[in-house]
Amino acid sequence: MSGSRWFVYVLYAITILFIVSVCWLFLSNIGYTDTQSVLELFSRPWFWKSVKLSLLTSCVTTIIAIVVGIPASYALSRFNIPGKTIIDVLFASVIVLPASTIGLCLMVAFQYEPILKIQQALGIRIVHSMPSIIIAQLVLALAFGIKAWRAAFDDVNPRYEHVARSLGSSRMRTFWKVTLPSAKVGILAGIVLAWTRAMAEFGAVLLFSSTFRNRHETQFSHISKFLGIDRADILPVGMWMEIEGGNIEQGIAIGFVLVIITLLSVYALNKISGKGLQTNKI
Amino acid sequence: MIKYSHVKQISWVIFFSAFVVIILAGIGFLIITNVLFLGFSDFMYYLQKPRTWINIATTIWTASIATILSMSTGIPVGYMLARYKFPCQKFMDTLIDLPVMVPPAAVGIFLLGLFKTFPVNSVTSILGIKVDHALSGVIVAQFTVTVSFCIRLTMASFETISPRYEYVGRSLGASLPYTFFKISLPLAKNSLIVALIIVWARACAEWESLMLFVGGIQGRTDVMPFAVYLDFVGGKLGWALTTSMFCVLIAIVSMYAVHRIGGKTHVR
Amino acid sequence: MIRVKNLSITLGSFVMKDINLEVNTGEYFILIGPTGCGKTVLIETLVGIRKPDSGEIWINNQNVTYQFPEDRNVGYLPQDFALFPNMTVEANIAFGLKARRREKKYIRTVINRLAESLSISHLLLRYTQGLSGGEKQRVALARALATEPGVIFLDEPLSSVDENSREILCNELKEIHSRFKTTFIHVSHSFEEVSEMADRIAVINGGAVEQVDTVENIMYHPVNRFVAQFTRTKNIFEGTISGNEILINENIRLKTIYKTTGNVLITIRQEVIKILEELKEEYDNVFRGKIVKLTKRNNIVSIVIDIGIPITLYTMDYELVERIKSKSIVYIMIPRESINVINI
């Protein structure tokens, strides 16, 4: 019967169309940008500072996310915490919040009277500072990380832990020697996901930290100058600034840099887990 | 009498749960300060303004169209990938993961380039579609950002439905499309509805790609996330916060719906 | 009539080459083999789920090799029966007829007839979750029979059923088969389970058909060691034959009804060996030995006697067993005609 055959052909066609479209989305831009723009971009010191800044902030963010997120994920996975439903829903909601909302909320939260007074007492100002980039990236990196780590711990059969403890291993030791290694793949995948999300953060940083490129030299601390990250924005923000400045070709070039970084992440993810993103674990 | 082992056990639970509490405190801090800052009366005031509702309505209908487009691509492609093996599977997997992981801002900029180059720019000019600074651009951006994500979700949905049902259905004389619509789709119904809600919520929240692709003009491309940014930059914090709170509301309601429906997916 | 000609199938690194089979109309045919031998792959190819590399499949004089399952008019019961969970029992049974666009009246008649015939009328409006193994099997059969297929394939229908119900289900299957007279091709991994049901059996191993025959011939005349072992023949020995005498281990001689020369493998079913209470000169193949092991399982006593080689025999003569139990020397006789000789 031609019914089945026709159906399969249509499905094939739609799939091929999709694949081609995704490829074309990227390829068409190669034509738009030319080598000259790319080389010009690479010659600007501001660009390399941006790269450094992005990498540095993402790594710090990821480390904080790991330290806070992994134990939290374990607790969510194993323990019956009161109000678990609300917590699950809350954490899941963060992923579907607009970045501008997150940035705005952060802004308002840290400018709030009592909090502002605390900052003044400590002599710091968090809003529009470099550390604020990390805070902005942390929100979503943590959300993605916890989702992945929770799923990783859920996949480890608690029976292994029971057996280990019956053999005399303490809970802490069991966690380090049994649970974590069993969940290794999922944990690593979550780390890559969190890092990639931190690198990709744009909106929250824009609203909370604002831009750095056009600020005056004196506004930067010695540390940032020493690290070579003064007067630079993270890559996505830098990309946007180029567009706003009318410099589309270089903006696209930065876009490609980001895509290449993403490709490396996806490659790493595939290598780690043997499969792609496991987004079926909601 | 409190035993030492009990104390150890409880302290273990407390230690790990503490991290959850820390995160919750962070979220709570964000929400509470914002709510306090805005104040309930102000919230109601801004909420009643037609401008707010125009933004909300724009967001909802553009996101809905984008979701319909996403699901229309997502269901066939997800089904295909779940059932059939493609050559260069690794390449395909990377290609599907890529648009999900690429920063939405970068996606926005690539859409910009896409629409300015051949052949797409000729197609749009022939058909008279304007994408720059227009709502059609919003829908395109929302669609592009969500479609790969949608495919991953639908693919997972169909993978949980055993192909054996289709084999049996076909052995009884039903063609593949008949078994697909009468058996596979109904069985996947709950997971697909969950996918739809998540995609829709994500489309409502999309902004970064819009910033780079469409640009924002008051009153024309104002979806809620955009309105937040514009109001913020314009110093109109009250408006921005109200819209933000509404975004938070949409996010929480959607995820709660997902939580409720997700628990009812067909086993098998 | 189902005919398989030179069928070759590749699945990853697993290959089945040049399979030839013929199943007669109305037969209860059983495909048997260990796990991983290819029986499920073969069934799936016959149903139309898999494409073969080469060869032909003929069902009732129609070449269906390249046809989709929906065009082959076959019935398929996978291991877990795969009853559609989103439909009632009634809707499940009606599915095939609805897909073929038959009239409502006709469908209703068929449903009622089959439901009554298979004693599931009381289940018609229920959903399929929560049905017992036996009920599921009957619903699955009703669903397959509704479209009057040329053949029904059953992939290990007894595996997902608990042991107590298995015998009942076996009898039901056989009874339904004889009532509806449809060709059944049943796949199993256990010889014991199915030996009483089959008209003929095909033994499959590692992607190849070892032997196709009646149950009796497979048990008493296996063509190689694998088939003998698979049917639980316990007496398998290698030796050399010249004339009609077989020599095993240089000191045991067996007289057979075959005449040939060379190296051979012999198999002897444990049910045919006789215990002699006293030595009788007129018999051939009489041996003496010591009882090494004596066990009773179900209703069968299994005795292992060492006559130089270990011979296993089964008997249900309990009184005889009582009498010889304590004896130090026992005599056994192996009938000439029951020694199966395979040239190797």
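As written, the chains take the letters A, B and C, and residue 1 is the first residue of each chain.
In this section, a residue touches a chain if its C-beta (ideal position, glycine included) is under 8 Å from a C-beta of that chain, and two chains touch if they have at least 3 such contacts.
Model, not experiment: these values are computed from the prediction.
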Of all other chains, the one whose Cα centre sits farthest from chain B: C
Highest C-beta pair count, chain pair: A-B
Innermost chain by mean C-alpha position: B
Between chain B and chain C, centroid-to-centroid distance (C-alpha), Å: 54
Distance from chain C to chain A - Cα centre to Cα centre, in angstrom: 59
Mean-CA-position distance for chain B and chain A (Å): 16
Set of chain C residues in contact with two or more other chains: 68, 70
Set of chain A residues in contact with two or more other chains: 1, 4
Touching two or more other chains - residues of chain B: 170, 175-176, 178
Chain A-facing residues of chain B, complex: 8-9, 12-13, 15-20, 22-24, 27, 29-31, 33-34, 36-37, 73, 76-77, 79-81, 86, 90, 92-107, 109-114, 116-118, 120, 144, 147-149, 151-153, 156-157, 159-160, 170, 175-178, 180, 194, 198, 201-202, 204-208, 211-212, 224-226, 228-229, 232, 237, 240-241, 244, 247-248, 251-252, 254-256, 258-259, 262
Residue ranges of chain B touching chain C (in the complex, touch as defined): 162, 164-165, 167-176, 178, 182-183, 186-187, 266, 268
Footprint of chain B on chain C - complex, ascending: 44, 47-49, 68-70, 72-78, 80, 82, 84-86, 95-96, 99-100, 143-144, 146-147, 149
Residue numbers on chain A that touch chain B, as the complex places them: 1, 3-4, 6-8, 10-12, 14-15, 18-19, 22-26, 28-29, 31-33, 68-69, 71-72, 74-76, 78-79, 81, 85, 87-101, 104-109, 112, 115, 142, 146, 171-172, 193, 196, 199-203, 206-207, 236, 239-240, 243, 248, 251-252, 255, 258-259, 262-263, 265-267, 269-270, 275-280, 282
